[in-house]
């Protein structure tokens, strides 16, 4: 069964890269909505007024039986779980800085990164130099000129306007709902999202906990392999940490080893990934964390063991709880130093109306 | 006298925006190099080998009588003054976090920002939504698609590949020297700088000192108005701070009030600016700071009181000392709270081979 | 009355450019759909299935009381009136080449062109040179790097995926209909239109007739000033031409003088324009022409004398009849030579899935 | 021997695409200039004026023993061989239109095209729709947003600012010469070439002759396989044509079969190509043609049989004679119809300061 409404793009036959949508199709993810819509008849209008084709009642999508708004941060909130970062939280967090060591937790951005689907990252230096010489001091300068899905390539931070759930009929943007119930009809604009842009997110300065699954498994995890709550507990024990260490507003990170494919086997890297599933997602919600992160491109298990679901953790944590996600991180140095608890610091680049942000967070110990 | 080699672009007659190069020309900045070159004759070759036209000796540019490399961080260094950020420095810095309050010190990025010359910032949302619905959970998503001189627009951080000095003849990239003597011939590449890219800069976590010149002057400073060392001292006294507070590796910031023009009078904002001159630059060098910043687009006084100089502070601090510069910052909240000393935290987006970085730093008190 | 669903973008307060959407709003164009939708209540769902909010019958939009498909070129056609260009038509057309003189009928592309709304045209030369020297022959080369709404800036040709009519509820892409009834739900894809892309248009080689309205009026026409059928007839008489000269598949062009503002008063140029209204559009349909063109950015009168209509000629000729439109043309040389009939030659750049094409047509006499 | 000045970019390790510069290196193309420069010592300056390092006489590059300017079209000419297209030429050409059949002679543009090196072609549809509904007629519209080396991807036309020869020392733009002796120092600008931009080229309407090498060889030609003058004569005979058919200002096209790899084996397509060498180039010069074209990405044999040469035909025809080149054309339909002589019609998109143009030419019979 294929989804006739999947807005699928023209085939990239010449490209070895994996397409998120192609992937979904290949993985057998398909829409029940296809059934709901397929029988509808359209376009039978002449001189008379028409009745919308989707007049039948529409069943809610899987996992969305209940409305999830207003959020606990208020009906107008656009900052989600970044609201956890209060002065008290910062003061509690700063206690974890004992060595003063700073770790960069991401990749450099370059055109050879694994890029999902048709996303691009291009950088050009205009002119050489771009300008000058100027003055008797003969100053010259370079610029760079970048075109990219800039918040959704490489090490990337998902803002709350990135992921939503379609509750209504196909194309009904009034029932295409995002965090806090904001509807695409109200904010999805050609020139930047009018709500939930990443500029609404507050800077992060919080306690980060790293789960080293490679140590638990004794190997790199594989695509489609789920991290369970039992795995988290096993890792904590192995790392001499405790579930009680997690406080509201903290962040959790997963090292699966998948990042070892980065730039070496981009096709495999993009073909799926290990990661958390809904069980851990619910544990994250229960712990009231502010952010998840990982060394994979989605942090969640892909494909989901339940083949009818697509990016179910994204649709749960981000859309329903405003809990952020930081993708394509790098933990190698932390692990080499056996540092599993650190201060996570990150401020999204506040591009008005953007869906995400580039930038590597730092971990401070 | 105009510089025949100034690589000047086609006129933007229809545009109200100010061009950096146009500005320079209007301000009377011109090259002595014009004289040196104008008399040379070219192209008179037939069958015989030719002799380069610039065979005469070339006088060093103003302010560059001495070579400035190797740097104190080593002959191969590409990180400059970010090397100051050691664990000891971080531990000393963290003592300044007493309240846990986090300030965002920059502007949002949008196409209506004041943009220099022909630089652009464009953001589009491809599709609406960009993809989906997928799965029985009917997930949808948005991306953004950005084209910009991304490290040189809005709140921006200058990397060490941005500013250089032309020591040799026009076009002689072997004598177009940047920080640590790196030559354009060796690293200025069409697809990204091969050295001195902003990815080489280490994350900043250091002590920041704010100089509120609006309080000193009792008004917004004007374009071409220089901040002197006496001004800095006056501000320190007014703010109950001391010159002795400055330690090696600290950062200094200047609030001139110029940012009040942002988005309100972009033409005036771009037409010049108040800022430090070479006197304060030398004071910064003496104090061994790692970074300067300000609420203006260059942090230094423009035009320079010495009309023969173009961006002389850039060419001194960045090119010769590897001291970084953070432009178009916002200090209004810090000033409202009378907070002049804070922890400055910033990690450049490590775009390989870029000349600068977007992103707003935070100040923590 | 304002349209709450008008997908309006963030204000460009710093920009002097006119926004198509801002223009529409300022001109009092508003949607009756606003009324139809405003009373609807949404989002009241809990555990039960929801009923789409737009379940009421929807009146067809003004001018779209009847469905306009299938087209006369067949139910699957995507080429529209370019189907007129048959070998017989070419052979008939070629007779008009008597002098062998070739006229370029468009503007150069540059960033200083009047650009509508937030559209951009940026060109950079990456590197200088972009590559080389290579080989013992020491070859060097330049590229250009362009970012633009490339088919919708400057001299531009509208493809049939550009303009559609919303017959159903807001966001209902199944009833967002374009030429030949093609629905946005079926072809509006993030990475290029899957139907009606400009690559489906056939090359034009046909007879072009120029109407010089400046000669008729004795002055440049003004914004909002409509060209009537009587005007067309007056021009034909003045130019010693006859209505009988127009054959099926021919093209008609309007010179209003508006192009004299190009690059000189871009704000006025964008603020509206003179042009044909629905009367002439119907005459064009009756004559069975293949294309209209003009020295303005829309070729039709803006604002429309009927303030409830927005780009009504676009929605009639292009959407319903597949008759193409070529905008921002230049006729000065033809007029100087008193040449009002010529061979119009143009081949759209076949960017797969694009809505329009750059490129200047030629006129041959 | 490798060329230390080859401005080579960072490795594209993750990419299967071929890099023009990588190709050159792999093919053993290296610069004698490397020898000339390698012994020079630089940067030994202190307080004293410096002498340019390249003060020794420099031997002219291979094939450039004589200066090639001024051009026969005048010392200020920027239009090159497009000057051939006079009214008389058009009138002579039009006689070849006997059937009225129009052939499109190029590929569609899409991201899956074989792209050279790091060049890109990206197309996005901003929003869906981009704007609307507007008015009581509820008009909606789509735009496209394209980022590309637009004149140097896909079916492409090389302008005269694309290819030059470095006569002087590395980086000496005053001796980096293009068509008619124009020097990079005078026109190579960050925001568009100030001379030799493709907008200077006149529209083509001329007689085109197609050489079907697949018929001559009985197979697709292979990379590095040169088309000789004897081959051209063999093809003419086979096609019942005569060398006397070629008149000054005509165009010649080569069908090698290489285009059969397009989109099917992009890596092989980019890895080299069959084409003309210097022998045919000189024949083209002797015949005084205005343009060459082919179904390959460079029209000339790559690698050149003389391994010391890089794109020697480009550097001869374009740089020295202003004879244009149209790449990645498609002749399948012409060949299927056994049409080897036709009217070639093409007008470059006049992007000011661009190095080339997109767009497919038409052939009319």
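Chains here go by letter, A, B, C and D, matching the order in which they are written, and residues are numbered from 1 within each.
Just so we're on the same page, a contact is a pair of C-beta atoms (placed from the backbone, for glycine too) under 8 Å apart; a residue touches a chain by one contact, two chains touch by 3 or more.
Being a predicted model, the structure only gives us computed values, none of them experimental.
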Of all the other chains, whose mean CA position lies farthest from chain B? C
Could you classify the chain C-chain D contact as same or different, where same means more than half of all interface residue numbers appear on both copies? same
So the centre of each chain is just the mean of its C-alpha atoms; given that, what is the distance between chain B and chain D in Å? 39
Inter-chain centre distance, chain C versus chain D - centres from mean C-alpha coordinates, in Å: 32
Give, as an integer number of Å, the spacing between the C-alpha centres of chain C and chain B. 43
Touching two or more other chains, which residues of chain B qualify? 5, 7, 10, 110-111, 118, 124-129, 131, 145, 147, 167, 170, 173, 184, 188-192, 352-353
For the chain A and chain C complex, residues of the former touching the latter: 5, 7-10, 42-43, 45-47, 49-60, 65-67, 118, 124-129, 145, 147, 167-175, 177, 181, 183-185, 189-192, 194, 352-353
Chain D - residues contacting chain C, complex: 3, 5-7, 20-21, 24, 29-33, 61-64, 85-91, 94, 97, 99-102, 104, 106-111, 119, 123-129, 131-152, 161-167, 170, 173, 176, 184, 188-193, 199, 202-203, 205, 308-312, 314-315, 345, 347, 349-356, 358-362, 364
Chain A contact footprint on chain D (complex, rising order): 10-16, 110-114, 118, 120, 122, 126-127, 130-131, 147, 188-191, 263, 266
